[in-house]
Amino acid sequence: MDLRRGLVIGRYQPFHNGHLEVVSEIMHDQDCQELIIAIGSAQESHTIENPFTAGERILMIDNALKEVKMDNYYLIPIPDINRYSIWVSHVESLVPSIDIVYTNNQLTRRLFTECGYQVKLPKLYDRDKFSGTKIRQLIINDGDWKSLVPLQVAKIIEEIDGVKRLKEIA
Amino acid sequence: MDLRRGLVIGRYQPFHNGHLEVVSEIMHDQDCQELIIAIGSAQESHTIENPFTAGERILMIDNALKEVKMDNYYLIPIPDINRYSIWVSHVESLVPSIDIVYTNNQLTRRLFTECGYQVKLPKLYDRDKFSGTKIRQLIINDGDWKSLVPLQVAKIIEEIDGVKRLKEIA
Amino acid sequence: MDLRRGLVIGRYQPFHNGHLEVVSEIMHDQDCQELIIAIGSAQESHTIENPFTAGERILMIDNALKEVKMDNYYLIPIPDINRYSIWVSHVESLVPSIDIVYTNNQLTRRLFTECGYQVKLPKLYDRDKFSGTKIRQLIINDGDWKSLVPLQVAKIIEEIDGVKRLKEIA
Amino acid sequence: MDLRRGLVIGRYQPFHNGHLEVVSEIMHDQDCQELIIAIGSAQESHTIENPFTAGERILMIDNALKEVKMDNYYLIPIPDINRYSIWVSHVESLVPSIDIVYTNNQLTRRLFTECGYQVKLPKLYDRDKFSGTKIRQLIINDGDWKSLVPLQVAKIIEEIDGVKRLKEIA
Amino acid sequence: MDLRRGLVIGRYQPFHNGHLEVVSEIMHDQDCQELIIAIGSAQESHTIENPFTAGERILMIDNALKEVKMDNYYLIPIPDINRYSIWVSHVESLVPSIDIVYTNNQLTRRLFTECGYQVKLPKLYDRDKFSGTKIRQLIINDGDWKSLVPLQVAKIIEEIDGVKRLKEIA
Amino acid sequence: MDLRRGLVIGRYQPFHNGHLEVVSEIMHDQDCQELIIAIGSAQESHTIENPFTAGERILMIDNALKEVKMDNYYLIPIPDINRYSIWVSHVESLVPSIDIVYTNNQLTRRLFTECGYQVKLPKLYDRDKFSGTKIRQLIINDGDWKSLVPLQVAKIIEEIDGVKRLKEIA
């Protein structure tokens, strides 16, 4: 195959503008013609750290990327496996074959490097501003979270009654 | 949401022209504007019954559907859970919310019906001709399997050396 | 404690008159003042071999035993663990402490004996007549299954629409 | 069925007078003629947070309720499943069908409400006085824990050598 | 490291003279200075197919190999993982690093080859004569099984009362 | 069997001179002619608490013990099971039969004592000096960790690039 395929992984609780920046940047990288967006901790939901189900997160990301006319991506849920020594194999079995991995996470980089993958570090977005933890707190406290996520993400969170869910489990 | 979303589920080992017929038919159903194609037994691979990984199957289906200009579908791997009483919840958590289920499988129909879903029976394709079991046997015996699957599926099976894999594990 | 507690284990798919005979016999055994009725394969349901959930089976047995004025029993679901070497510990952790085990199953006897338990063999009921497999077949084929189970069991199977469930998954 | 069945869920480490108050209150609720007492974290034991096995907790609760002449309850162990999206289905499969849920826990309420159940809030007992955590500390420190639990619970804790167990693992 | 390490894997139910032949042959292979003997299906026991626990099998093999003055081997139990796509990683995490794999099993060869390992085929011993299935049948039927296993293996099977165990579960 | 077999269990992240002291002491205990060294949390690796795989730890311990001419030990990985009520059975199934357990851990002592085992307390080594936590910190901070572990352990940590691994995941 001539198409080079990249992998980026996150929990996306929820998918925010910082995530969107990273995805956009990778989409313009010449090393990557197709992007696999892996949704980590796919089995989690209904907790403060992980309020949204994998299905809800897939919907959010897909709508956000279509809104900005992106294409050529796969959205694939990855349940946790809690054994780092087999985690790369676990991911490999659930996604199309990968040519390159994009991550700023040290452990992810280490694990994929040990398995022989090329790993690139995407430019860091403003982590003080765009942070899942902070956005979930803003949702709970009726703060201005909507400006930090793509329009489509905000819309879906409201449709699935996500604000009330987060407040109740907080 | 105004878009109605349908669910169809299969193991797709491999995705063949019968599967493609079903997907095409659903895509033209007025009750369904978006289709979730759930890939069952996602954890399986390298056996005669389930030779291909979930990632390989995602790649096959995605390429086959793009070839015929389909759009508006989600491809989501579903690992087996082996407890039918919680299986519908398991599926629900991994996919965007569903409005209608398409299946000819009696158990799948029963389980989704017990949970209150509308279930429709897609027209049956020619199961003597299009059958995963039969196609896997043709691959093993150097028969004419390529005419039974979409062009892109045949191409990927060759690229991933799938014929040799099946022959070796047979 | 002075009360001696016995254990009997089965899948009870469904609980039939042969099971009731065994339970009655044990209830009259001087070695046993309280009986733990363990419901095996608790995680199973919606298959031909195991059509009913653990909760449904608990309800059937409880109503059947109350009907005949039995008392002094515990109904406890036991999920399969699929490792015989730890299975006795698994059972022990889920039930009040046991003094004696009643079983005609060779493996169950072997496992509890290896762990130092006294095992008694209940009198065998007529297994040609009372058999879960046979009763499930009679349900599927509209045969006379009702005479083989306690009245309350038949009533509950009808209330939960169990006949239709079995026919659909058959 | 005409009998309405309620569900209450707790870890009961150990079952104390506050729990007994809640159970008594529900038993007098006209909305509930039969009560399922679900024993959560059933797989846990031998830790400071969860010293007693499910079997030991079943024995404690059963003896305590018989002492006050209660009847019409089911005691059912529920192992944790650690995926909230399927947790309600998991409970449903292990217990007889439920008409109403009693809980003051926000998450439990949220999850059962999302699945369409009626949820009632039992009156809160004095949580400063009756608290599992506090009672376990009193047991470890030779404090007066016996006045906080039903007589039968204290008796069983002593019979199973529970005080020594808690002190050793503390 | 200069020492080259080989891997051989089996269920060893029980370890017989055919297995001993293979191990001896590998021990004389110049490509392998240390041998990892992986004991597969380590979680199984007390069934006709897998009567002995992993611990019992370790004891049998260790005593048999010491008897013939072998050295430089590791005996490591490997629980099944039931996902072939991650099975090699699973093995890798439980054993010291491997340089070469010895197997006549097609699937094992395929899986290790896909992960880039050198795989050698040991000479086949007489499988009509030396077969776990056949030896277990001989044990059950009081046949001459002792001549087919190393002396130490026969001794341990008797010490752990293995003949009676097999007969009872048969 | 006349040989008495002892069990000692640890995570050995990494195996240090304090562990070696304990093993040496037990080897000289008349109550124990063979020692099973069980490697706990075998499934863990690549975390700060558990940086090394079970296979790497087996290699370290084996080389360290051979260096000091020890013999008569088994090195067996034990994956966590997270249910203390069945943990002893889990260990028993993976190791040859045990006559005596050596541990200073209160919970391990409690669990094996409840199952009827004789438990001995090995002399405590200097835990301020020899501590896995401290040694891992020294590795991360380029401190003098090598004097705290056997020579062979230091050698293997370097061969597997363990220093870099620990620094990256720290």
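Labels A, B, C, D, E and F are assigned to the chains in the order they are written; within every chain, residues are numbered from 1.
Here is the rule we use: a residue touches a chain if its C-beta (ideal position, glycine included) is under 8 Å from a C-beta of that chain, and two chains touch if they have at least 3 such contacts.
Quick caveat: nothing in here was measured; it's all calculated off a predicted structure.
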{"item": "Given chain B and chain D, the chains that contact each of them", "value": "A, C"}
{"item": "Both-way neighbours, i.e. chains that touch chain E and touch chain D", "value": "A, B, C, F"}
{"item": "Same-site or different-site touching of chain B by its copy chain C, using the half cut", "value": "different"}
{"item": "Most remote chain, CA-based centroid, reference being chain A", "value": "C"}
{"item": "Separation of mean Cα positions, chain B and chain A [Å, integer]", "value": "25"}
{"item": "Geometric centre distance via CA averages, chain F-chain D, whole Å", "value": "38"}
{"item": "Per-residue overlap in chain D, given as positions that touch at least 2 other chains", "value": "43, 45, 53, 83, 85, 92-93"}
{"item": "Complete list of chain pairs which touch one another", "value": "A-B, A-D, A-E, A-F, B-C, B-D, B-E, C-D, C-E, C-F, D-F, E-F"}
{"item": "Residues of chain C defined as touching chain B within the complex", "value": "43-47, 53, 165, 168-169"}
{"item": "Residues of chain C defined as touching chain D within the complex", "value": "1, 42-43, 45, 53-56, 58-59, 62, 74-77, 79, 92-97, 159-160"}
{"item": "Chain E residues within the chain A interface of the complex", "value": "83, 85-86, 88-90, 92-93"}
{"item": "Complex contact set, residues of chain D against chain A", "value": "82-85, 106-107, 109-111"}
